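Across the two complexes that follow, subunit A remains constant while its partner is subunit B and subsequently subunit C.
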Partner chain A sequence: MRRAYAAHRVPVGRVSVTPTAEQLLAIADDELILGWRDSEWTGIAPFLEEDVAFSSIAQNEIGHARALYELAARELGTTADELAFDRAPQEYRCAPLVELRLPDWADTIARHWLYELADELRLQVLKTSDDRDVAGLAEKIDREEAYHRIHAQMWADRLAGEPRFEAAVERLWPAALAALPEDLRARLAERVGRDVARGPQPGALARGNHTAELPELWEEMTMVRRSVPGAAW
Partner chain B sequence: MTVWEVFRQERKGQPFQHAGALTAPDERFAEEYAREQYGRRGESVALWVVPREAVHEVDEFPDELQRNYHRVDGYPLKEKLREARARAGTG
Partner chain C sequence: MTGRQRTAPSSLTEEEVWEALAEIPDPEIPVISLVDLGVVRNVEVDDRRVRVEFTPTFLGCPALEVMREAMADKVRELGAEPDVAVVTDEPWSSDRISAAGREKLRAAGFAPPAPRTAATPTLVQLQSGPFRCPYCGSTETRLENIFGPTPCRSLRYCAGCRQPFEQFKTV
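Moving on to the complex of A and B:
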């Protein structure tokens, strides 16, 4: 089945990409995969209002991914769809943090909170990009992410001190730290009130490595597109 | 969880109209959920999010002496007009 769509697959893992495209892809992949994971709560979130809100956030993340893929695609001479769906799982640049399947709400909120804080730091850098399209898109995305941060923070404040939530933050912290480039990690630690030294173990959690949960997500995410290779939707 | 009533204003200058209700544990959650349910499609320029408890409901309007002239339907003109026309000879 993999061979069937290989013809229009974009082997970005094997061509050299500019730092900008590389950086854009990393963020786009994070947003796509996290949006996908968050959307798994649609219909089963703890209560109806939260279901609507969290689904909306998931949808926003996928929208951000699309916009970022479009910019990256321009540089790589491909399309957003091809970047999002036609690469092999190991070619994705997302951080292991966003790949984890977290069927426990405390874990999901802990990741959401850590991710939004990390994403804000990353977007601040992107907003200063010399590329006006990149800087402009980062501005736009950040204006929406501001509401995600409000959502994440109100949950974090509400669950602060709850053992299940605190344990989830503790468990996910190394992966959150590893999701950021090294020069931003100290600032994230400061915001979360944690120690940067308790950071990623070398290897497994670093961007570029993937969890065992990614291929399964990828199978499901790309299933329809792979079912009719090259179709116009 | 508290019930919150949401009112929305469609355009500046227009009156706020009741949009619906939602449940949320506190003000911050209520604002977030109101935003998602009544504001994200550009259908509102402003929202009022009010705890239902803060709404003082009035639902009794006694009218023991049947003073129906206070009411919109309490002063029918049809009959009076007919009589007046008859008197003037224009009926």
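Moving on to the complex of A and C:
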């Protein structure tokens, strides 16, 4: 099955990736993988309203990923589905922050809060793009993300000072910082009230590197599609 | 016009296409049409080819593909070749829902979205804004969940008639 899959796979690594497509892919991959992680709370969140919230947030993130993949696919001459599911794990450009499997609620909320703050900074840049499709899509995504930010901030305010939440933020902070390009990190640190100098160790959490948890997620996420390569559903 | 196969597509006008598209119900909330929902941004007729510009509502909405297909089918019924193009240069806003559409939503028990302002919504606004119950008209309502059964809706509760209801998000 793996060989059949490999033959079917789109060789994204071998096509020339313009900076714009690469940037779009990085954000799309973040949203897809985080959407997948968020969806893991469906049915098992601590209470019903959060079950609804995380399921809905996951649906939005995957929708954003799809729209971004479609723009990137236009430039790369492929399709959104192929970009989402037909690459090997090491070809994804997502940040290690979104890959982590966080079965602890405090960790999940800490990541949710850090990610939404970081994502807002990056969307602000994208909204100023000369490409009207990119700028318009960033504006659209941002309007939906506004509700994610309200939700994340509500939790961050509620849990502020709680040792378990503070420890989670402390632990995830380097990965959150590494998820952003360098020129945006100081602004994230300012918003989170942290020191930008306490960044990640070189290489470890930078975008382009992956955790061991990504291949596990990928196995599950692409399982059905790999089971019948090339099938139309 | 539904189901009628036209034989003289060269006489097709943009108004006729708009009228036909206005017959397509929203796949999830059939009381409102796709035109009322504001997802059709532009229609151009060029001989046998009809280009429909489609501006998607919420990007994670599973109904988007169904809407695209329904519009393409409707254009084919008119005897023309559809080109339903997804446009992202100018985002859809809940302000694009027509006045008639808002009234249809309210009548069906969905609170229509509040008008969009320049500022992004805040938690305080969602918690204390004068959101009106679609059943009894009371503004004594409270936010239950920012998220709801679909990406476009929040959950609120009316203290007046003790009913939970769905509030369209402002985007």
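Simple rule for what comes next: the second predicted complex is superposed on the first by the 231 of 233 C-alpha atoms of A that agree within 3 Å, B and C clash if a C-alpha of one lies under 4 Å from a C-alpha of the other, contacts with A are read in each partner's own complex, and residues count from 1 in each chain.
The definition used in the following text is that a residue touches a chain if its C-beta (ideal position, glycine included) is under 8 Å from a C-beta of that chain, and two chains touch if they have at least 3 such contacts.
Computed from a predicted model, the values in this text were never measured in an experiment.
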item: When subunit B and subunit C are modelled together on subunit A, clash or fit; value: clash
item: Which of subunit B and subunit C A:F47 touches, first, second, both or neither; value: first
item: Subunit B versus subunit C as contact partner of A:L137, first or second or both or neither; value: second
item: Between subunit B and subunit C, more extensive residue contact with subunit A; value: C
item: First, second, both or neither for A:Y147, with subunit B first and subunit C second; value: both
item: Partner chain in contact with A:W233 - subunit B first, subunit C second, else both or neither; value: neither
item: Subunit B versus subunit C as contact partner of A:R158, first or second or both or neither; value: first
item: Partner chain(s) touched by A:G63 [first = subunit B, second = subunit C, both, neither]; value: second
item: Touching both subunit C and subunit B, counted on subunit A across the two superposed complexes; value: 49, 52-53, 56, 147, 150-151, 154
item: Subunit A residues within the subunit B interface of the complex; value: 47-50, 52-53, 56, 147, 150-151, 154, 158
item: Subunit C partner contacts - residues on subunit A that touch it in the complex; value: 49, 52-53, 55-57, 59-64, 66-67, 70-71, 132-133, 135-137, 139-141, 143-144, 146-147, 150-151, 153-154
item: Contact footprint of subunit A on subunit B as seen in their complex; value: 1, 22-26, 28-29, 32-33, 35-37, 40
item: Subunit C residues within the subunit A interface of the complex; value: 56, 58-61, 86-93, 120-123, 126, 144-151, 155, 169, 171
